[in-house]
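Data block below; observations after.
The first chain written gets the first letter, and so on, giving A, B and C; residue counts start at 1 in each chain.
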Amino acid sequence: MSWTPAEPMVSLKDVHKSFGTLKVLNGVSLDVMKGDVICIIGPSGSGKSTLIRCVNALNDIQQGSILVEGQEVNDPNLDKLELRKKVGMVFQQYNLFPHKTALQNVMMAPVRVLKQDKAKAEATARALLKKVRLEGKEGAYPGELSGGQQQRVAIARSLAMQPDVMLFDEVTAALDPETVGEVLQTIKDLAEEGMTCILVTHEMAFAREVADHIYFTDRGIIVEHGPPETFFKNAQDPRTREFLSQIL
Amino acid sequence: MSYKTDLPVMKPFKPREPEPLLGFRPWHIVVIALLVFFGPSLAFAQAGVPLLTPFAVLLDWVPLLLQGFIFNLAISFLAMALGTALGTLLGLGQISLSRATRGVSWFLTQFFRNAPWLVLLFFAMFLLPFEINLLGVSIPFPDWFKAILGLSLPVMANVSEIVRGAVRSLPSGQWEAAESLAYSRRQTLWLIILPQCVKRMLPPWMNLYSILTMATVLASIVGVSEVMTLTGQALAAEGGRPELLAPFYGFVLLLFFAYCYPIARFTVRLERKFAVIN
Amino acid sequence: MDVIFEWFRVLYDETGINLPFLYDAYDRNRMVDGFFTTIRLSLVCLFFSVLIGVVGAWLQGSSFKWTRRIVNGYIQLFRNTPPLVQLYFFYFAIGTMLPTVENDWGGQSPILGSFAWAAISLSFFAGAFNVEIFRSGIEAVPKSTVEAAEALGFSRLQIYRDVTLPLAFRVVLPALNNNLVNLVKTTTLAYAIAVPEMLYEANQIWSDNVNVTEMMIFLLLAYFVLVGILVGGMNRWERAMRIPGFG
C-alpha cells in the first residue's frame, strides 16, 4: 500500500447508495485524517448509519469510492478480512455473542480470525476489559450485564482487533440514561489516546466536546460541516439550524 | 429515541410451521405423485405380460379401500372423543388442589405419554376381554372397539397435558379476579378459565387429532380391517404382483395426505389468528 | 445374579406370575437383544434424522425455487402421512424393486434387510420434523449478531460454526429433544416388518409362554423407564446448555 499518514485515513468520494428504489446516500464526500474524531449528526433516516456501515463493507455502494488507508472498499475483489482488521465497529444494540462470556467475546476474533496464540489473546483481552473498567466481569455472560457494560465489552471486542479506525453507530441510543455516561467516557478516553473515530450520534454535548469536526447529513447528502465551535454557534444552512433548534 | 436496556438478545423462537407448498399447483402434485408411485411399476409392466396395468387394478379396488379409509376415520373420531373426555378430566386432575389427585393424574399422564402408541394398542387388544357380563347381559367387545380404547389412551394423556399447559398459561390475575368476585373454584374453572383456554388448546388439539388419524393404521397390526388390512388383502388377492405394491401403498399415502394436509394448514392458520389476537 | 433369576422361577411356580425373560436364559437373551436392537435403531435414526434436518434446513434456504419446493414437498408428505404406511412403502414397494444378492445359503435375499429399511424410513419421517426445527433455529439468530461477527472479520464458515450454529442449537434443543423422544417411541413400528426390537421379542416370548399380561405390563414399564430416562437426561442437558441471564 502506498498510503502514508499524510493522506486521509478514510476518504469518501461521491458515494451513492440505494436500497432498491430508495436513495439513501446521494453523493457523499468526506475525509478523515489519522487521529481525527468526527461526528456525523442528522435527523433519523438521513443515511448516517448507512454511511458508516459502508465504510467497513457491511453495505455495498453503487457508485463512488471509499478508501481506507488507500484500500478501495468499492471493489468486487475486496479483501474484507484485510479491511476489517483496520476498521473496528460498535453497534447500537451491542450485538455481543450471548453464548460467550465477556472475556470470550473479546478473545474470540483475535484467536479465530487473526490466529493469535490463546494465552496472548487472553492477556490482551483482560487488559482491554480493564481499560473499559470492567475488571471482575470477565466471566459474566452478556445477559448478566447492564446495557452500558455490554456496550463497553463490545468496544473492547473491537479494540482487540487493534483497528486503526473505530466506527461507532449510535452506540448510546439503546442505553439507559444513567449508563450513557460510562460509555461516552470510554470513547472519550480512546479519542484522547489518538484513536481515529467516526461517530454517528445524537449526543450533541458529547459531539461538541470530543469531535474535531462535525458533519450534518440530511436526505443522503452532507448539508454542512465544520469544527464544533463554528458549527454549533454559527450554522449557515436553515436545515441545520432547524435541526439544532429541535435537539438542543 | 426510546431508551431500553434489556434488548432481546435473540428473537423469540417459535417452532417454524412448514411453509405451504408454495407455488405448487395441483398438477405439480399429481405429476410428482404419479411419478413416485407409478413410475417404478412401469419397469415391471414392460415385461410384456398382457395383464391389466397396475393403475387399472388399483381402480378396481378403490371403492373397497375408500370404505376401509372411512372406517379409519370413524375410529379416529371415536378415539378422539373418548380421549378428549378422559384427558380433560385427567388434565383438571393435574391442577387439582388435592396433592394426591395431582400426583396420580400426573403419573397417569406421564405413563401413557411415554408409552409407544403401538404398545398401548397391543395392551388394549390383549388385556381387554372379548366380552363383559353386565347384569347377566353379555356385551361383546369387538376388536375395533378395543382399538378405539387403545388409541384413546395416548390421546387422553396428550389432551391432559394440553389442558394443563393451557390453564397454566393463563395469567394468575384471572384466578385472583374471579376469587375477589366470590366465585367458587369450580365456577372460576368452568366459567372463567376453561372458556379462555379453548382457544389456546384448539391448535395443539387438532395437531393431536392429525397424529391420531395417522395412528389408526396401527390397528391393522392387531387385525382390525381398516384400510391397511384391506390393502394387504387386495394385494394378496391379486396374487402378490410386485408392481402393484407401489401404487397400492402410494394410494393409501395419498388418502391420508389428502385428509391430514388440509387439517395441518388449517391448524397453522388458526395458530396465526390466535397469535395476533393474544 | 442366578439367585435372583431363580427367585423369579419360584415366583412363577408359587403365584403363576410368569416372567421367563428373567429366569430363562434363552428368553433373557431374546429380551436383551430386543432392547439393544431398539437402542441401535434409535441411535441410527437419530443420527440420520439430524443429518437430514441440517441438510434440509440448508437446502430450504436455497435460492433455487425447485430445491425449496422439493424440500417442502418432502416435509409435507412425511408429516401428513402415517409413518407405518411410509415404512410399508419403503420396505415392500421400494424394497422389492431393488436387486437381490446371493446370501450365505446360496439363495437370493434382498440387498437391504428389514432393519435397514426401518432405519431409512424412520429417519426420513423424523428428519421431516427436524428440517423445520433447524430452520426456525437458524432464523432465530438475529442478523445483527451475524453482522457483528462479520465486522470483526469472521468468514462465512466461521460465523456459521462459531455464532449461528451454537446459538441456533441452544434455541432448538427442547423441540429437537421432543422429536427425538417421539422417534424412540416410533421405533416400535419396526415390529410390523419383523425387525427384532423390544416389542417384537416380547411378542415372541408371549407367544411361546402364553403370558401376555406379564409381558404387556413389563413392556409398558420398560418403555416408561426408557423414555423417562431419556426425557430426564435431555432436560438436564437443556439446563446445562442454558445461557446465563437469558431465556
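Just so we're on the same page, contacts are C-beta pairs under 8 Å (C-beta built on N, C-alpha and C of every residue); 3 or more make two chains touch, one makes a residue touch a chain.
Worth saying up front: this structure is predicted, and the values here are computed from it rather than measured.
J.: In terms of Cα-based centroids, which chain occupies the most central position?
T.: C
J.: Most contacts: which chain pair?
T.: Highest contact count belongs to chains B-C.
J.: By mean C-alpha position, what chain is farthest away from chain C?
T.: A
J.: Express in whole angstrom the distance between the two chain centres, defined as the mean CA positions of chain A and chain C.
T.: Each chain reduced to its C-alpha mean, chain A and chain C end up 50 Å apart.
J.: Would you kindly tell me how far, in whole Å, the mean C-alpha position of chain B lies from that of chain A?
T.: That pair's centroid distance is 55 Å.
J.: As a quick test, compute the distance in whole Å between the mean CA positions of chain B and chain C.
T.: About 20 Å separates the centre of chain B from that of chain C.
J.: What are the residues of chain A that contact at least two other chains?
T.: 93, 96, 98, 142-143
J.: Residues of chain C touching 2+ other chains?
T.: Chain C, residues with two or more chain partners: 142, 145, 167, 246.
J.: In chain B, what residues contact two or more other chains?
T.: If we look for residues of chain B contacting two or more partner chains, we find 9-10.
J.: Which residues of chain C touch chain A once you look at their complex with the stated criterion?
T.: That would be residues 142, 144-145, 147-155, 158, 162-163, 166-167, 170, 243-246 of chain C.
J.: Please give the residue numbers of chain C that touch chain B in the complex, ascending.
T.: Residues 65, 68-69, 72-73, 75-77, 79-86, 88-89, 92-94, 96-97, 132-133, 135-137, 139-142, 145, 167, 171-172, 175, 185-189, 191-192, 199, 203, 212-213, 216, 219-220, 223-224, 227-228, 231, 246-247.
J.: In the complex formed with chain C, which residues of chain A make contact?
T.: Where chain A meets chain C, its residues are 56, 58, 80-81, 84-85, 87-89, 91, 93, 95-99, 108-109, 112-114, 140-145, 154, 157-158, 161.
J.: Okay, in this complex, where on chain B does chain C touch?
T.: Of all residues in chain B, those touching chain C are 9-19, 21-24, 28-29, 32, 40, 43, 110-111, 114-120, 122-123, 126-127, 210, 214-218, 220-221, 228, 242, 245-246, 249-250, 252-253, 256-257, 260-261, 264.
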